[in-house]
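Per-chain residue numbering starts at 1, and chain names A, B and C are given in the order in which the chains are listed.
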């Protein structure tokens, strides 16, 4: 990866020095977590061409999996917690993917929405497991090979390390033969089938990857706040993820990171200034949507923040 | 189980059902005609309630019922003509995304103009009281609501089945390209349908206002349920929305006395099942 | 190479293809012609796997492929191009061909190494582009290519899947006379290495290229034979009433 290597390097540097510029490690960690969620969404929309309105399901699976593990089992290694989250959300994503890939066009999108609502009400009803409205509480942050992560800055750097690894893996996936097939499916699924690709399998696989990444984000979130609110699986979370992904520019994982960062930092800062800041967000979002559609029109042509689309 | 209790729940189910039917009818017309799920539909329902509130406090309830759909329908027409039409070239994904942004704008807009706190209005004096049913009194207002809603549904049905405009709209739901080809201004049609669709949601909000009061996010839950109704009834099918709406209303009401924990889950399971096994729903054709 | 027996396709009340028998010899260039509505496209789509026959069988290289879909037939060695250009418009011309070539590798689920490492695939794509004269457009967006070049790209994509049988659906569709002649030359070179079945309206192309012609009318076979035989056939002339069959 030639040009992307430079962008990745810049990203790493930015992440490394961020706490020295903005002295809110919790907020920065949240921005990175949302970065993962947005990048996972972008994988489905930007690469596969699928608008997923149910990413919160995978987020919730990851958060609750980690939360439950850490609450009920003693001495869980932090990496195992992350792995468990990824596995649970990947499994959930496989199911959603299998079902969503059956439907065509808007039906598939509505299905992701239906699953999100379903998951939300399930989480609400299963009070004994999830804590329902009150959320899952009492999650203790494990140590990382002896390193105490209770310090916010320390946890930020842990989050950053996980983020960097996952994001790097995502970049490799996108540049691998698999990524190219996804883009072909996005461009012309009929032709992709005609030249021999089992498009259904690739779609499910894309969901699994997206789900796993989202689940890791959920896990990091659970350990960040020590608490999993019902909101993690709320449809509003799904729409926030959509907003982040669009704001940063579809068609580029770096765009997703930027969108997540903008969203997180703005919403935090603005909410102190004006309680009705979502109005601005809505206006900004609608403006971006209106502006994006001009010119070449196709989704993929948008050059998210200067990083051009490959293929 | 106490029979009058069941009877009450059935009546409540119908009250709920006709509200769902009105909102879903608007949503399904938009979905069928413009081919986009209007995620902001619930927000327009809320806006309708709030416009009705203002109209009520200044000019009385009857005017509120007229003002709500007209004002909100007008807003819908403007939004579609200025924005959603322009996005048509870019594809449905962008239009869907735009409606998502609208939710934020409308909801926060309501909170800014009317304040974030819940508000309530009194049932119009002429409609207070209730009719005796067994041990319980069933409110006149609810009967009034059902009557008005039924009238509106009949009116819309009449327009769709009996007028030239209705015929064009139905044709447009079936095949927008064909309608365009035979010379009708399809874009203008889309705008009309969008305005009418959100207008229906608005009047539902106005009708519900004296019952449940209002708060900026009141549209969210209804929004989700409307999508369930539309999917079950069939995308683009007016009959489906009405039947589906009443069905969902009844199911919700009855489940609340039979198996309260499961009603919402059951409803979304039903939605998913329909999408998977019979995506065209009960009455849809596509 | 590919044969059909008793092939029929019914759509509701209409019979589009009626009890058709067809044999395509390996190495030949076989054209299917006929007036509009004769059922050529339906027959073609049945051979390609886009449609399931109502009755009858299709055998390809000894395998019964009647129940197989386009994807499975593609892997057996059937490559097809589309009548209405069906390329990956927003991908580069090079990528259009490369991704088709990639489908023949086992690497498509590889998620770790860059696709650039699939050198065999990349080279094959370049070779096909060069062979069809498209190499100078390699980095250009497929949707930006001129009509004639897009039709060539259509064929290039099919070629990249390493087929033994090429199904070409009206390859000269929408082309100027000059471009059609250039296409003719290309197809002639391809005919040396592949078995080709093509649908065409351009009679000049058909008569020049074909080893064998099948004429369809009203869903059935009207006549078959060499170009000379078809040219002389009275029934064919009658069917085309008014069209020059030269």
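In the analysis below, a residue touches a chain if its C-beta (ideal position, glycine included) is under 8 Å from a C-beta of that chain, and two chains touch if they have at least 3 such contacts.
What you see is a predicted model, and the numbers here were worked out from it, not measured in a lab.
Q: Tell me the fewest steps from chain B to chain C, where a step is a jump to a chain it touches.
A: 2
Q: Among all other chains, pick the one whose mean CA position is farthest from the mean CA position of chain A.
A: C
Q: Indicate the whole-number Å distance between the mean C-alpha point of chain B and the mean C-alpha point of chain C.
A: Roughly 50 Å separates the two chain centres.
Q: For chain A and chain B, what's the span in angstrom between their mean Cα positions?
A: 32
Q: Which whole number of Å gives the spacing of the CA centres of chain A and chain C?
A: 43
Q: Under the touch definition given earlier, write down the residues of chain B that touch chain A in their complex.
A: That would be residues 35-37, 39, 83, 86-87, 89-94, 96-98, 100-105, 107-109, 111-112, 116, 224, 227-228, 231, 235, 261-262, 264-265, 268-269, 271-272, 275-276, 279 of chain B.
Q: Under the touch definition given earlier, write down the residues of chain A that touch chain C in their complex.
A: Result: residues 1, 172-173, 175-181, 183-184, 187-188, 190-198, 202, 205, 209, 298, 300-301, 311 of chain A touch chain C.
Q: Under the stated contact criterion, what part of chain A meets chain B in this complex?
A: Per the stated touch rule, the residues are 51, 99, 102-103, 105-107, 109-111, 113-115, 117-118, 121-122, 124-125, 235, 239, 242-243, 246, 275-276, 278-279, 281-283, 285-286, 289-290, 292-294, 297, 299.
Q: Using the touch definition from the top, list the residues of chain C that touch chain A in their complex.
A: Touching chain A from chain C are residues 69-71, 74-75, 79-80, 82, 86-92, 95, 98-100, 102-105, 107-116, 118, 157-158, 160-161.
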